[in-house]
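Handing you a structure now.
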Amino acid sequence: MMVWVLLAVCLPLLPVVLALHPALQRWQWRLLPLVSLPALGLVLLGPAQWQLGLPGLLLGANWQLDALRQPFLLLTALLWSFAGLYATGYVKRCRRSFALFWGLTLCGNLGLVLAADLVSFYAFFALMTFAGYGLVVHERTSAAFRAGRVYLVMAVLGEMALLAGLLLAAGTANSLLLADLSVAIAESPRADLIMVFLLVGFGVKAGLLLLHLWLPLAHPVAPTPASAVLSGAMIKAGLLGWLLTLPLGQTSQLVTGTVLVLIGMLASLGGALIGVCQRQSKAVLAYSSISQMGLMTLMLGVALAVPERTVWLLPVIGTFALHHALAKGALFLSVGIRMPNHRLARWLYWGVIAVPGLSLAGLPLTSGAHTKLAMKQALQVDGLVWSLAPWLGNLLTAGAMATLLLVLRFLWLQVRNTNRNESGPCMQMGWGLVLMASLLFPWFAPELPAAITTTLADHVTYWMALIWPMLVALFMAGMVVAIRLRAPEVPAGDLVVLLEDSVKKARGRSRVSVSIRIGGKRVEWLQKALVCRVQPAETGLRVHIAGSVLILALLFFLL
Amino acid sequence: MRSPAARIGMLLLALMLTALLGRSVWQLSMLEPASDLPRQLQDKLAASGVEHPVTAVLLNFRSYDTLLEIAVLVIAAMAGISMARTRSLEDPELRTSDTLLRALLRWLVPLMLLLAGYLLWAGADRPGGAFQAGAMLAATGVLMRLTGLPLDFLRPGILLRIGLVLGFALFLLVGLASAIAGDVFLAYPREFVKGLILSIETLLTLSIGMILLALFVAAPVNDASEPEEGEK
Amino acid sequence: MSTPLLYALTGAVLWGIGLMGLIGLRHLLRKLLALNLIGSATFLILVGLAQHHNGPDPVPQALVLTGIVVSIAATALGVVLIRRYFHLTGRTELESEVPEAGRDEEGHSG
Amino acid sequence: MSNWLMAGLLFTPLALATVSLLLGFRQGRALSWLGMLLQLLVSVGLWWLVRHEGGFYYTLAGWDAPLGIELRVDGLVVTFLLLTTLVASGCGIHAGFYLEPDRPWQRYFWPLYWFLWAGLNTVWMGGDLFNLYVGLELITLSAVGLVALGGQAEALRAALRYLLAALLGSLAYLLGVALVYGQFGTLSLADVAGQVRVSEHALLMRPALVLMLVGLALKTALFPLHGWLPPAHGIAKSPVSALLSALVVKASFYIAARVWLEAGVAVASQWMAQLLGVLGAVAIIWGSWLALCQPRLKQVVAYSSVAQIGYLFLLFPLTFGVEASVSLHAQQGITLQVISHALAKAAMFLAAGNLILAVGSNRVEALAGVSHFLPFSLFSFGLAGVSLMGLPPSGGFAAKWMLLQASMASGQWWWIMVLAGGGLLSAAYVFRIYKASFLERDEQDHFYHPDRRLEVAAMLLALASLGVGVSGSQVLSVMAMPFEEVQ
Amino acid sequence: MMQQALIPVFALLCSMLAAAIIFTLPEERQRLRTVINLLAALIKVALVGVMTWGVLNERDYGLSYEILPGVSFVLQADALAMMFAGLSAVLWLLTTIYAVGYLEGSPNRSRFFGFFSLCVASTMGIALAGNLFTFFLFYEMLTLSTYPLVVHRGTDKALRAGRNYIMYTLSGGAALLLGIIWLQGLVGDISFQETGQLKDVDENLHLPLMLVFGLLVAGLGVKAALFPLHGWLPQAMVAPAPVSALLHAVAVVKAGAFGIVRVVYDLYGIEFATLLGVLEPLGWLAAFTIVYGSVRALSQSDLKRRLAYSTVSQVSYIVLGAAVFGPVGTVGGLVHLLHQGIMKITLFFCAGNYAETLGIHKVQELNGAGRRMPLTSAAFTLAAFGMIGAPPLAGFVTKWTLGSGALNVGMEWVVAVLLISSMLNAAYFLPVIHRLWFLSEYEWSYQRRWGRLETHSWLLWPPLVTASLTLLAGLFAVLPFSPLSWAELIAAREYLP
């Protein structure tokens, strides 16, 4: 077992090892899709629950797999494997570097899912974050560098907040096990502070509103497979972090929960709104991710505020994450696929591309529908004693509408996709596999608690409820196309642009160096003056030595 | 020290010092010294080998002082001759052919030598002694030099150097001999005191005379100049 | 006031004069003479102070004799040096008109 | 045993001076090796003797103290004798190879050298105030002679200045002695000390004390009476400068210290002690600062002596009106300072001489690039510098440590500042030299390579100054050897 | 028993002896010099290893010898000493290898390696010093022996830096000396003892003891580059890379920090120091230095200068650790003594490699160097991430333990400082790493090639080794003999039972 786990986590480091020797470097690239296979095997074939202690590692490492982690491990392994396959066809330049960072990031991502103690969790999280930079800036264009810079700044901020949160939490819990944290935090007098740190720390990765700035910048510029894993898997790491550390199921954290729900609402709608205004398909997808993560944030907020719902919500969040990862992964990968020239084939492709998108919007019979339904069940109003409860239903409806609009926007942009690059069999296969996984999702989705499993009747009512928002959305889209309304241009990365401007203005030449120079001159002058004064005095003393004797003798006499 | 104010200030200060010194002398003169050295001296004079107390102090009780004093003289002489011209002591300015002077000299020199001898001898029991005799010798030499006599034995050379240290060397040897004999340094054996002191005095006289004379005769400068260290 | 004491007091005065001379005079020989004067003053005090009431004290007399020889040696050395100094530089004073500091900075090669 | 040793001690230098006057430079040198060896044997023998049988008075010419001259041999004296042997031998060996043997006047080097040594021995052991005067004069005149040797105008100027100052100092001292004799009727320092303690008119000794101290301070070159020192020490030949700085100025200080400790503390005033200390402190700052400004290497070292001498004068405030233990601490500290400064300064001058010989110039800037040419000498210079700065593990440090302790224990905290600041200033000028020598020059320099033996001499002395720090306790134990009167 | 007392002496002597021999070697005897250097380094590592083993088994390696009345030269190997000794022994070995490669063909190597050995001997002495006096002895010796190394290049700039260095450190030495003397005057005994030795002093000595503490810290703070006293450090980076490495990682700054640790734990005793209330200001000072150093590092365009300011910041972690009461904080500070050493030495090694191979001095010249020198750059990256405190590297272990130690005793502000500093570290290191790996190659004015390797193999291995150590120290932090567990051992012995 241990060997298997270690292999699963460490095999992604193979490109790093191979990089050490020139003779082995060509293997780096060829083995890229294979490095995540042990992890995939682990989640598919291995036991569903296990625990592994590695006392010699770090400050005493502890890894485990449980029901909460399983969907995350699954989505991570799946997405990375297929995207890796896709990447072997997609990436043309700097392959070795790509393989290196790919492996490192993957290692971090897998490891953090499995980590059960704070330190290894944080270690893998940091590894993923920093190695991810390599993926973001892979194209080495100035846009990539700009996105990378924003990514890095945000990531560092996040890491620091995270470190603070974890330190405080560990100090409170007096334990390094993640499992011990939630109780301790809930009981701690500094619970709010810790939670804020953790929310912010993971929020950067999870694309929490206001901390999402890097997402729409990074996704369009990163290579497509990298965008897929960024948006599909890595973004979920933040979510997982929240789930593992926040005091879920303990005492009610009403304020935090409410704030989170509000942020989630805002994100899910606002993200969609800004996303519609984007000009790049990947940027649209990025905002869609923000929007979707908003929904997950919302659920988390509910879980925090209403602890009794945690039991229901956690599996739902897991399911949602898995669904979103696969669907979004498929969408991202489709960006790099070249449309066949044949008209029919192109329409077929179109249809296939649209499915995951519509799934996101909750198209019946898709994973989206499955998830949305489960979510609705979990958030059902009866029994949810909470001020915001009545709004949730409407929100979900609005969310679905917004998502659909986004998807339409994406498809619209895809139509104009002038991608002329050859998409080789590897890409096709990778894309296809993700797509398939996404479509097959309802069949291997994790089991939900009995209380919120859905019946057919639920499905039907759900569909009914879905029809009209979808229609409205389609109508709006149609209108837009018909009157050739141009969407207002909102630069990707929205707030970042404002920030960058202000930073530029603030940067002026400091005057410190000037004053230092003046100071130096003064010192020199003083030195010169001292030298000039001392030497004649010395000569005087030399000449008047007898006089000095006289004066001294008198002085002594008088004393 | 050019400004008159400073001069007057210094003068006042010097006056003050003088006054303080005088006051101190005055105050001290009121005191009776606790130890009575003259009486001790008187008690031990008999054992010193000479009758005159000053000579006894000089050459016996505090002979070490005297030994070093001669050393100081030798040093001065060395410093003097180290700057001497080596070729010849001929000084054309001093050459004279005044026969009257020569004749006078012929009388004076033996007389002065005799006087020197007397001073040396008298030192044992009355004022006199090696230094006075040596000074007399030197005066003789000066006189001879001024009349243009060459005095070639004063040319810096081994002879002169031997002459310079002769008295000192004997003094030293006596000191060493006494130490070797088992007593302390410079303690003359009781039985030879007088003879030893006399012979030391005699040689000292010669040396002192030579030293003083050498300073007069040989001190003129040479033209050789050595560059300062490191400034070649 | 006994005669020896008078000698001693005279010595004190001579000391002041000698010192003043050493301070005020610039010619090297004069300085040397001033020092000689100081020496003599010292001897006067030594002898005068010691024997003003005990009658003649041979010890200071002997000391003074030694002192005189030493001072002669020193004077002789001084004169030798002064002569040679004069011979080489043509100067009779230590201090030159040009301030010393300035010359020190230039150094002198040669 | 003691007779032989003492006779050897007194006789050897004088005899060598006499004999070497009759010989040329080279023969004198060969003879001097022998003399150094003898001196070494004698002083080590004396150390052995004193250690086993205690110190003693040695009555010269067989006459007891007030009338005759008594020499005192105790631990401290032995310490200084050993120090003299070490330093003077080092300088002598250096001089033997440093001076050009063919100059006619160099034959007078050895006699002067040995007279100087004889004077030093006399002063260390002297217990008679007048004998100390004669010893001082012996030292002064031979030192002046050495400075003027082969005299070029500048050297003569320096020598004359030195002579005049030293004579004035001697005479002031002698005047003090005259007053003491007038007061107590004795010349023996031990007697004077005894009488001061019992006499009700002891305070009348104060003028004498002042005169002696001022005179000796002048000879020791205490600020502001130091004007004669830098020219003399700067212009003399390096081994001569080394001797002068290391030993000659110490002789007069030694007398001052002995007078002060035996009789002075009983009659002096707090103000006098403090004033002496203040002058010392000013000397430290002034000397160091001027050393920093000097354009010529040996002037730097010479001014450093002015500064280092300042430390010595902290003895006065630190032994006046304090507890016996503190006073002892201060005395030990000052002794260590004397020793370590002697060794270090000698090493420094010798090393400076080597450097000058190598680069052919006395100027500090000329040293550029010498660091990889004469690393050995530069290293000696540096080691000596370490001691002057008072950094561990040098003797200078041990001294500073004890002085700091003494200042702390006596509550005179203001000296602490001086001690600390002085170290820094000395660091400044030592490193200035280093800086100059480390500067790399582009063109390939053609330095003259001095004799290896010259470098060794400097190195040994520098190492010795370091050794004093490492074995401070041992050195001080020599000083503390028992004193018993044996006849 | 006698043998045991001699081991520390041998540890000291082996490098002093090496220095003495090397000084006398002519410039051309390169091989012999290298052999002597390496031999001495290896012997030292072995001796330190033996002692470490012994200390773990509670053996006593002590030696005492009276230098001045009441003042002794004491060598003593305790756990804390061995930590520092081990660090310097191992890193010396590496630095020697590096320096041999670095200075190949340059002038004045005998001088360089001679002083180099002396410098390490002093460091060893500082580590093994059993009382404050002995500590001071070697502390000043260190100052002196590093000066020739700092000015080794002999350029005007180097000499100026050297002057500043010496003036700063000697002033510090003076303050330290005063403190020592005063302390000795107050309490007499100045030897180091586990759990401290001033705990039972009289109540009315508390005020002077506080002042003494201030003096001692001021003196040590110069070398440790605490805030107002750090000016020399960034200038001293003109020295050759191995020297900077040694200066920043092992010898000088570490000596200062180690001294502060010694004073706090073994002289005052942490409990007593807390009682006196001197730790809080010390902590604030350290915290300020941490932030200040990082801020200054941000604006440096010279690579080594940037690293130097980073040192200013990093070394204060150690001091901060000493100022935090409680075993965990102690561990955090102590462990950083080692961690900072290996990380910073890696960085300087790499900086040296860049300079030697591609002539890189400025940060902007690093563009694309990663492709040209991947191994060096990898080492640099690892160490830089370690500095930032990214897990699982050594720096993280420090920050984590320091942070949790501070939290344990309710000093939340320490965590804030740690975070701010980490952030700043990231801000000045990440751009460098970015340039290394992601930017296109700079037009280097000169490039040297060494066959297949990216640089001289003697230059390449040391940073690789230290970089791996950086990784291992973090990855296996809890294994026995790791820095962390050794620090825990010390902490366990430093607190009163």
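Every chain is named by a letter (A, B, C, D and E) in the order it is written, and numbering of its residues begins at 1.
Heads up, the rule we're going with is that contacts are C-beta pairs under 8 Å (C-beta built on N, C-alpha and C of every residue); 3 or more make two chains touch, one makes a residue touch a chain.
Listed by chain with UniProt protein names: C = NADH-quinone oxidoreductase subunit K; D = Hydrogenase 4 subunit B.
Here the structure is a predicted model, which is why all the values come from computation and not from measurement.
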Key: Number of hops, chain B to chain D, where each hop joins two touching chains   = 1
Ask   = Among all the other chains, which ones are in touch with both chain A and chain E?
value = D
Query = Two chains share more C-beta contact pairs than any other pair here; which two are they?
reply = B-D
Request  = Taking each chain's centre as the mean of its C-alpha atoms, give the chain farthest from chain C.
outcome  = A
Query = Which chain has its C-alpha centre closest to the mean of all protein C-alpha atoms shown?
reply = E
Query = From chain D, which chain is the farthest off, judged by mean CA positions?
reply = A
Ask   = So how far apart, in whole Å, are chain D and chain E when each is placed at the average of its C-alpha atoms?
value = 42
Message = Please tell me the distance, in whole Å, between the geometric centres of chain A and chain C computed from their C-alpha atoms.
response = 97
Ask   = How many Å are there between the centre of chain B and the centre of chain C, using C-alpha atoms for each centre?
value = 17
Inquiry  = What's the distance between the Cα centroids of chain C and chain E, rounded to whole Å?
reply    = 63
Query = What positions in chain A touch 2 or more of the other chains?
reply = 535, 538, 542-544, 546-547, 549-550, 553, 557
Note = Expected list for chain B, residues touching two or more other chains, is 1, 10, 14, 17, 20-21, 25, 28-29, 33, 36-37, 41, 62, 65, 69, 72, 75-76, 79, 83, 225, 227-228, 231
Note = Every chain pair meeting the touch definition is listed as A-B, A-C, A-D, A-E, B-C, B-D, C-D, D-E
Remark   = Within the complex, chain A is touched by chain C residues 19, 22-23, 94-95, 99-101, 104
Request  = Flag every residue of chain E that touches chain A in the complex, lowest number first.
outcome  = 374-375, 385, 388-392, 396-397, 399-400, 403-404, 407-408, 415-416, 418-419, 422-423, 426-427, 430, 434, 437-440, 474-479, 484
Remark   = In their shared complex, chain C is touched by residues of chain B numbered 1, 7, 10-11, 14-15, 17-18, 21-22, 25-26, 28-29, 32-33, 36-38, 41, 53-58, 62, 65-66, 69-70, 72-73, 75-77, 79-80, 83, 129, 131, 212, 215, 219-221, 225, 227-228, 231
Note = Listed in rising order, the residues of chain A that touch chain E in the complex are 19-20, 55-60, 97, 119-120, 122-123, 126-127, 130, 133-134, 137, 140, 145, 148, 152, 156-157, 159-161, 163-164, 167-168, 170-171
Query = Which of the residues in chain C come into contact with chain B in the complex?
reply = 5, 8-9, 11-13, 15-17, 19-20, 23-24, 45, 49, 52-59, 61-63, 65-66, 68-70, 72-74, 76-77, 79-81, 83-84, 87-88, 108-110
